[in-house]
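First chain A sits with chain B, and in the next complex the same chain sits with chain C.
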Partner chain A sequence: MASITLKGVSKVYDNEKKVVEKMDLHIQDGSFTVLVGPSGCGKSTTLRMIAGFEKPTEGEIWIGNQLVNDLVPGKRDISMVFQNYALYPTMTVRGNIEFSLENIKIPKRKRKEMVEEIAEVVGLTEYLEKKPQHLSGGQRQRVALARAMVKKPEVFILDEPLSNLDAKLRGQMRTELIQLHKRLGTTFIYVTHDQVEAMSMADEIVILNKGKIMQQAAPMALYNNPKNTFVAEFIGTPAMNVLPFEEIRVDLNIENNPAITHFGFRPEHGRLVHSEDPQIFTLRYPSKIITRETLGSETIYLIENKLGRQHIKSTEPPLSEDADLALCIPVEKIYYFDRQGNRVEKENEAFPYTLQNHEKGGVKI
Partner chain B sequence: MSQDLLSHLPDNQPVAVTTRRSVSRDFLRPYIMIAPALIVFLLFFLFPIGYMIYLSFHEWNFISPEKTYVGLENFKRLVADPLFLEVIRNSLVYTFLSVFLTITISLALSLWLNKKGWIYSFIQGAVFSPHIISLVSVSMLWMWMMDADYGLLNWFVEKLGFEKVPWLTDPKFALISLVIVSVWKSVGYYTLIFIAGLQSIPKNLYEAASLDKTPKWRVLTKITLPMLSPTLFFLTIIGLINSIQVFETINIMTGGGPVNSTKTLVYYIYENGFVFFKLGNASAAGVILLIILTILTLIYFKVLSKKVHYQ
Partner chain C sequence: MPKVQKFLNGICLAFVVVIFALPFVWMISTSLKTLGETLVFPPQWLPENLVWQNFLDAWNSGPFLKYFLNSVIVAVGILIFQFATVIPAAYAFARYNFPLKNFFFAITMVTLMIPAQLIFLPVFLNLSSWGLLDTLWGLILPFATSAFGIFLLRQTFKQVPEEVIEAARLDNASEWKIMRRIMVPMAKPTLVTFGLFSFITHWNDYFWPLVMTTTDQSRTLPLGIAQLRQVEGGASWNILMAGNMILVIPILIIFFIAQRQIIRAFVYTGVK
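So, the complex of A and B:
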């Protein structure tokens, strides 16, 4: 087992496009770390540099206490599950799993034992003699996992491994991967663009954008304490509503404060009430529903009011679309951001004093 | 019948159109459409083949009005003729040597040239260039290069301190010399196809192999070659079919000699038909060539559907 450390790693391609920029990253030994971000954010490049398929333009990559910049992929003690699985199409499932063992000259009897043990774990025993093209997507996925596992590597790298599976299978494989990580206790690095995957599987999430780390934290920490609007809007379905601060500044009786330009609140924290309901919140805006998605256990509304458009998530029975409604925003659930999109926290001296009082409760004063 | 013919129509098509007349018109329409191609095919492909088979059972000298039916006599004579057996042997030796050498050399070249960089593109272009030169020019060029006294090859051979090689004038060397020309001419084209095949192998497989600590030769034998097998197989069969029909170089460079050592099947057919006017003999040999080619083609499709890996 090994931790992974990136020190000031950059990757610049021939066309001088910086894909990864001065990245400092520490991935803890035995953790399940998910690199997540929109396409083109540099997550795959980061992964490929760790695996050794790409050389960093500058910086150092450490696996455990070994500097691996000049080490070929085979010597890094890494296993990888590729997005398209990259199974050897001319070999059987057994051949695929066995291949790396043959390469390091493990005796035949021992090999057979190891392959069969792994096949048992991933439930492939009856498919061992089949070729990959005769397997379903989920089974191929398992072969790829088995092939990676049989080597007993220090680090597991998974590059969007579930993106080719259908929704149901993806959910199932997610749980299986979590269990697998628990059992193996190996360091897992997992790349995805799907924040749901990231939230549901990770011990730690690294959010990337344009080659830079936006935030690295545990899933709930990210959710509750986003460091910037990018993270706030990336995590959560629907995303956090981020709106100009000016409108609520007046309603909250705050003096002009140049440090704060935007505010945000999570869709599930906004509340839709009928306009005749008693006024208990400071921030209350008459709104109308634009669209309504009823998902069974919850309903997602897209509403419009003088702040703009927002998403609201509610677990209460669906409201009729033409109802006369108002949106209430509990003040203690509001996040504040500056011009650069960075979070302005309570401890920050730019944080308006008047708001500190609101933090004690959203009840109208 | 009419049901079958109309089965391609959507279900909600009105059934009323299936009157007798329109059915016959629908039946004929596709045939009328393909008629031009069909006529050309019948006239210039099937008819000559049929006529050749017909002639192979007759004796005819191209000029006299009557063709004498001789049954299998032509074939019997061929099989008993030591020259014909030598011709078959020459054809097979030439074919297998040139295919084997072309495939091996171009495979090696493609593995080397399948990289980015101007030098590789340049070499690739250089190797390919013989392919676009006409065979007649190639033959003339090599006749000069292989000239025993004034040729470029022997100049090199002498410089290296060896005796001159009678490339085209010694029965021991002539067939090999023709193989060299054929290999020189086709290696570039084969290399190009091999490179295309190599580039269609997913890069991920090599990445996976590198993580699996695969030694280089095992990458070649376990990944590259199996993944390349469709290309390899395609080129082998195309090569066999082409080589067994070799004619131009022989006609220009050796004329089948010396001492019949470069006389191959197609040259034999040509000589019998258009030099000796023994049309029956030539046709019978043509039928034998047709059978060989048919077998090769059948193998091609049979193996293609089974052994060769396709993604």
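So, the complex of A and C:
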């Protein structure tokens, strides 16, 4: 087991585009860390630098207490599961799993034992003599996992391992990976563009955008305390509604404050009520439904009002599309952002005093 | 309409069969005729009695065992040298970045376009100065590598997904081992096809052995068979054709064994 530390790591390709920029990252020993971000955010490059397939342009990469900048991939004690599995097509399942053991010169009998033990764990025993092309996607995935596990590495790297599987299998493999991580206790680094995978599996999530870390925190901490609009809009389905602050500033009756330019609230925190409903919120806007997605357990509305368009998620029975509605936003659930998109927190001195009063007794009935 | 098309198709196929198969059938049939039967007019398609003696006569008309062994040594020797040079070269061109890579690859490709007849004199003089005239080395060395092989194999190696090689590197495999255990097995159909082309070409090669050899010590089968024509009193076609059969049969056998691999080489798509 080992922790991983990146110190001021940058990667610049020939075309002078910075893919990763001055990244400082610490991944804790034994954690399940997910790197997540939109495509082109530098997550794969970061991963490939940790694995040793790419050399960082500057900065240091440490695995445990070893500086690995100049260490070849094979010597880093890392295993990787690739998106397309990258199995050796001409070898049997046994050959695939055995290959790394063979290369570090483990005696044949011992190898056989280890391979069979791992095959048992991932449920491949009866497929050991088959070639990868005769296996299903899920089985290939298991071979890739077994191949990675058999080396008993310090660090496990998984590069979008589930994206080639169908939805049902993906859910199942997610659970299995969590269990696997619990059992092995090894450091897992998992790369995905899917925030659902990130939220459901991670101990810690690192959100990347344009080669920079936007925020690194535990899943619920990210959800509850996004540090900026990017994180706020990235985590959660549908994304957080982020709107100009001016409109509600007037309604909240506070003085002009240049520090805050935008506010946001999560779709699940907004409440749709019939306009004749007596509930009185400070922020209440007559709205109309534009689209409605009924998902069974919940309903997602796209609504329009004088603030603009927002998504609202509700677990109550679906409302009729032409109903006369109003959107109520609980003031204590609102996030405030500055011009750069960074969160303005209550502790911040730029945070308006009057708003703090609202925070205490936001809902008036 | 489809019926007419089918008919036309049939005619075209028949035409091709006649062009390619007829000379072959003619060779087999002639190799089993008596000398008299080869000369009758109108031509006689099938011999009355099968004269297997022709094969013995051909074989015994010169040191054919020596020719045959020379041919085997030369063709197999060339093959071994070519695999030994072509595989690493193709791997390097397909998978590495090194200075002047494109320049070197261009040079390799250019050699494909130079006819052998154009450079045989310099090569001959070169080998002569090394004292390799009339030796088997002189027949092998000029073909110790193959630009065509490098080109063909490079294409195949390029199709192998990068991740497979990266996985092998993570698995602590040396470059040599990656080439031997992963790349070469994946390129097996291409290698078999290339090997066959090379083997057939050099097995049948007449020109270069003719230039290089002066004694039976290093002559190969095609030269031996050509000598069958130069017997006194005109060619005995039946003996000549029996000699040709001796030349062709090994290739036919190899071809039938490797057929499946050749077809795979042309439909190979790789495994993802």
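Side notes on the structure shown:
The definition used in the following text is that the second predicted complex is superposed on the first by the 363 of 365 C-alpha atoms of A that agree within 3 Å, B and C clash if a C-alpha of one lies under 4 Å from a C-alpha of the other, contacts with A are read in each partner's own complex, and residues count from 1 in each chain.
By definition in this document, a contact is a pair of C-beta atoms (placed from the backbone, for glycine too) under 8 Å apart; a residue touches a chain by one contact, two chains touch by 3 or more.
Given the structure is predicted, the values throughout are model-derived calculations rather than measurements.
After superposition onto chain A, the modelled positions of chain B and chain C overlap sterically. In the superposed model, A:Pro132 makes contact with chain C only, not with chain B. Once the two complexes are laid over each other on the shared chain, residue contacts for A:Pro89 go to chain B and to chain C alike. By the touch criterion stated above, A:Pro73 is placed in contact with chain B and with chain C alike. In the superposed model, A:Ser100 makes contact with both chain B and chain C.
Touched by chain B in one complex and by chain C in the other are residues 51-53, 72-75, 78-80, 82, 84, 86, 88-91, 99-100, 103-104, 133, 147, 151 of chain A. Put simply, chain B touches chain A in their complex at residues 202, 204-205, 207-215, 218, 222-223, 226-227, 229, 309, 311.
Contact residues of chain C toward chain A in the complex are 161, 163-164, 166-174, 177, 181-182, 185-186, 188, 270-272. The part of chain A that touches chain C in the complex is made up of residues 51-53, 72-75, 78-80, 82-84, 86-91, 99-100, 103-104, 132-133, 147, 151.
Against chain B, in their complex, chain A makes its touches with residues 51-53, 72-75, 78-80, 82, 84, 86, 88-91, 99-100, 103-104, 133, 147, 151.
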